[in-house]
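Dropping the structures in below, format is structure tokens.
Two complexes are shown next, each including subunit A; its partner changes from subunit B in the first to subunit C in the second.
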Partner chain A sequence: MGERTSLWAVLVLPALLVGVALVTAGFDAVLAAGARRGRPGSLRETVARAVEPGRQVLRHLVQQPRRTRASDLPLARIGAGLLPVAAVLAAVVLPLGFRSVSDLPEGIVWFNAMEALAWAAVWLAGWGPNSTLSLIGGYRFLAQGLAYELPHMLAITTAALGAESLRVGEVVGAQAGLWFAVWMPVAFGIYLLSAMAMAFWGPFDQPAGRDVAGGAGAELSGADRVLFLGGRWLLLVVAAAFSVPLFLGGGHGPLLPGWAWTVLKTAAVLAFLVGVRRAIPTVRMERYLELAWVVLTPLAIVQALVVAVVVLNR
Partner chain B sequence: MDVAVFWVLAVLAVVGGVMVFRFDSMARATFSLLGSLLCVGGLVVLLGLDYLGIVIVLMMTIEMAIMAVFMVMYMMNPAGLMPMTMIHNKKGAAVVCGLVFALLAAGILLAPWPARRGKAPADPTMELGMSLMGPQMLTMMTLGMALFATIVATVVLATRRGRYDRFGDDLRARHADDPVRGGVGR
Partner chain C sequence: MRAAVSRPSVLLAVSPGATRQRLAVEAELARRGWPCVSGPAEADLLVVVGDLGSEGEESDGVVAGLWRGIPAPKARVWITDPERVVDALDGGLADLQRGEHESHHAHDEHEEHHEHHEHQQNGDTDPRADHSGHDMHSGHHGHAGHDMGGLVEGLPMADRADDRDGLRLDVLHVPLGPVLADWPAGLILRLALQGDVVQEVTVEPVAAPPSPRPPFWDEPWLRATAGEHVSRGDAARRLCAAHLDSLGRFFAVTGWDDMAARTRYVRDRALAGAAAAELTPLVRPLIRRAQRSRTLRWLTTGLGTLPAEQARQRGVTGPALVADGDAYSRMLVWLDAVGRSAAACDAAEALDAAEIVGPRGRLDTPVPPSRALLDSLPRLLEGTEFACARVIVASLDPDLDELTHVPAPGTVHSHG
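And then the complex of A and B:
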């Protein structure tokens, strides 16, 4: 399991991720337009909505950038730029079918380490512009990080435990018979929650909330804004895609080739996450914090214990 | 290739470390320290200890992000926004640093380094886990419990409100009286 690909995959990976992120953003824009009007639009309107994120990107790129007073420009730039970089680096261990760009022996730890870079990135982007609202957004993201990270780590550790390996390829291989989502449902659920929190998405979009004018990215403009908001979409795509090798059997499935199953499952998870944002209102962080410590962390530990006992008795 | 990567990472780590004391902004100092530590993580990966290196990157990133918040929060000047310096007691610090550097350098040059015995293990992560969790399991458990007890004790000592504030003098209140309402039905 987990063969290495040739060098060109290094170049294809970011392009592929950006493509998937644009499609997802288009899908979200169509849903948003439909929700605003209460009815689905005509085909032409739908297509216009779907290409809207792409047009937004171009518009930001040609726009005159704004500067805030006494901003720490290097830090804001590093923050905005680091977000997509972290997402792409995390995706290095993502297998498409059974091949990833690099199937590191510690792939799961690598993924976790790279998503941790997003912590630094969002805080820097919030701090840099010397603006209250963006700073509040940055702080909120750290509070959110504290709430989701521990159950998240336990959830992905549980998957590694089930496969007795930190190598993503072997985690996929261990699910040839039975998907981990079936016998580790708690870990899977917690992973999906934290996947949304990681990309400050859905009920966890407080760091970029409307009450603080867009929060962490409030003052970013031009290319910085494209990098930051695009990086957020990339994080969402990568976090959703990583649930496929961890819990949904990766490329395993009947009839179709491995890569097709990966794409299908990823699309299903992404569609679910995009739908959840429409269905559930934003959660306030101090409330989620208590939920994370009092309910989710013990649940995740019990789930890990169950998996450990099963693995030891195998 | 490895030599080139080593020197790039080593120089960046040292430059990052120096810049911690040159920057006059709390945020820049913190993240320059983070940059330095990430380079150290890279160096550990270069030594073949992938797991340890990646864990350094993971832990240090989260730690420095949280530390930035706490440092900004607890600075004497408003929210750490005024220009500041990480250097205090310059002369004393210089003497201490000089002595420690001399000691470490002398140690590197004078210690009789043993020649390598045996070969590197095929799976260093496994070996690390075995050496920590195999014969040292009791030590690890004791250490973990001690650390955990310290955390709980510190929180208990630091918090002003106790259970009598939350649940009333006879501890009979059905709902805790908390200033911040929580997320599990209160």
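And then the complex of A and C:
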């Protein structure tokens, strides 16, 4: 499984990700607008809301850049710019159907390494502007990283264990009969939690919380802001999309072609993640850290153990 | 360009004593779908509500600092008259779309300040002066929250001190307020932070000038004691809206944006005079959802525990005393009061002038109830994480309007 695509896919990939991110952001904006009255507005208003994220991007691109006193501008810029880069690089091993831009032999490790770049990105963006609230946002992401990363790595290792390969294409191939989500539900659940935490999204948006005026991104404006917040959306899309080859059978499915199944499953996961943010208040990190280390990590280890035993007896 | 700013992001700067205006502005912004943002970096339009821009130099610094922190293109608007919110916002949008940095005034009750604004505005609107000045000064004013107290040179250098675990760590001195999203207008806290742990807190005295107008949330009860006829329903309605306002902040600070938006919608309906028959079905699902949320409970229990005994000693008389516990229990008390007062807001009989208990507590004591809440703050905040500190402040929600209000002699304070 897992064929290589031609070179043009390298160019198409970022555009595709940006497109999906804009659609997701539009969907989120429509939900946010409906929250006030408890129902969506008129069709016209809904459309206006859905294009709002695109308009925001335009607005920020014409905005004057601003800087704070004694800021470390290169650091903040690198931080903001690194986030979308990390997301796109992580997406390189993401199969659409059964094709990815590059099906590396250690694709899962590559994905994990690239999303770990987000740690550096958010921390730098928070540290750079020399402003307390953005610094607090940066700190919070490190604490969040400590909380989610260990269960997260165990969860994706479990999927690799089930397929006996680190190659994403082979993980998809191993799910031809049965999706991993069915017999590794704990790993799947933990993956979804950490997907949100990775993109500091939903109940894990504390690093960019409103209580710290936007946290790590608080002082960014103009193009920097587009890169940082856009990068966050890309990261969310990539993290959600990666759950499909890992746990939801990738392109496997009846009737429809593989790529259509990938798109459908990704859309379902994204819709779920967007919905979760609406339903649950922000989780404070010291509470989640406790949960992650005391409950989730042991659970993830037990899950990996079960999978290992099944694989050994196969 | 015009289309890109057709729904500007608004930064609200509210002065103490301007609750009525703030509510009018918030309702209008929500109606237009203009988002309220939490910092200057993401704002297009600065909306100054109340007298923040006209109280001498230091407060000028607040508005000027925020203004410098907003990236161009930008516009600003002053609102002191709740009746003229619509015009003022339209004017601000027009300025923004023309790309001129002008300001619109909705003054008429404060004519004397007008000239002053005009003056300041001219100083700032020269586009060249503004731009050349920007990169050099935008400095630490950049942030709504932290540099309000006249610190021009940015944050003071960090010093070191032992933290709660006995480690020697950097201490940052950070002023919080007076302009911060979901924050009591005018409140300034000076925090000493280590990492994001609050080590020390001082509450700064309110800087606003005394106002003869009664605080908006306490108005029905104060009017009743002054001998006016106030119906029980009006008081219940005000109480309901006041608690919904506090709850909106609480939900926003805990990161539950949808609930915050919904709560504020119901608050606006209550203030717009919706009947009990409309309000009750709006309020009930809110209360149920907040009460049933296990996550909210998990996240807010144990924060800022204020036992009744301690509360009484400090003179706290309102929901914080009834709650006899943490931030979560205070929220439950609000929810309960909202449910009861929403059902009662059609009652026509006169309010009993003998029992004057406003949303924050008894109004017949020598000091206003919010003073007692402010006095309790430092002890509750010290040793907590920054995020918890925000939740604790939101769960007490002191109303600084009460502190700027100076009653005419002999009208309100029976103990005097």
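Following the convention adopted for this analysis, the second predicted complex is superposed on the first by the 314 of 314 C-alpha atoms of A that agree within 3 Å, B and C clash if a C-alpha of one lies under 4 Å from a C-alpha of the other, contacts with A are read in each partner's own complex, and residues count from 1 in each chain.
Quick note on the criterion: a residue touches a chain if its C-beta (ideal position, glycine included) is under 8 Å from a C-beta of that chain, and two chains touch if they have at least 3 such contacts.
All of these numbers come straight from a predicted model, not from anything done at the bench.
K.L.:
More residues of subunit A are touched by which chain, subunit B or subunit C?
P.N.:
C
K.L.:
Report for A:Leu299: first if it touches subunit B alone, second if subunit C alone, otherwise both or neither.
P.N.:
Once the two structures are laid over each other on A, A:Leu299 reaches no partner at all.
K.L.:
Taking the superposition on A as described, I'd like to know which of subunit B and subunit C A:Ile78 touches: first, second, both or neither.
P.N.:
first
K.L.:
Just subunit B (first), just subunit C (second), both, or neither: which does A:Tyr139 touch?
P.N.:
both
K.L.:
Look at A:Ala9 in the shared chain and tell me whether it touches subunit B only, subunit C only, both, or neither; answer first, second, both or neither.
P.N.:
neither
K.L.:
With the two complexes superposed on chain A, say which partner A:Leu264 touches: subunit B (first), subunit C (second), both, or neither.
P.N.:
neither
K.L.:
Which partner does A:Val18 reach: the first (subunit B), the second (subunit C), both, or neither?
P.N.:
A:Val18 contacts neither subunit B nor subunit C.
K.L.:
According to the stated criteria, A:Glu286 is in contact with first (subunit B), second (subunit C), both, or neither; which is it?
P.N.:
In the superposition, A:Glu286 contacts both subunit B and subunit C.
K.L.:
Looking at subunit A, which of its residues have contacts with both subunit B and subunit C?
P.N.:
139, 283, 286-287.
K.L.:
Give the list of subunit C residues in touch with subunit A in this complex.
P.N.:
1, 3-7, 30, 33, 37-39, 41-42, 44, 69-73, 131, 134-135, 138-140, 142-146, 153-155, 172, 174, 180-182, 193, 195-196, 251-259, 261-262, 264-265, 285, 293, 295-296, 298-299, 385-388, 390-391
K.L.:
Considering only the defined contacts, which subunit A positions touch subunit C in the complex?
P.N.:
So the residues of subunit A in touch with subunit C come to 32-33, 35-38, 45, 48-49, 52, 55, 58-59, 62-70, 129-133, 136, 139-140, 203, 205-206, 209-214, 217-222, 225, 278-287.
K.L.:
Which of the residues in subunit B come into contact with subunit A in the complex?
P.N.:
By the definition above, subunit B touches subunit A via 25, 27-28, 31, 34, 50-51, 54-55, 57-58, 61-62, 64-66, 68-69, 123, 125, 180-184.
K.L.:
Give the list of subunit A residues in touch with subunit B in this complex.
P.N.:
72, 75, 78, 104-106, 109-110, 112-113, 116-117, 119-120, 123-124, 127, 139, 142, 145-146, 149, 166, 283, 286-291, 294-295
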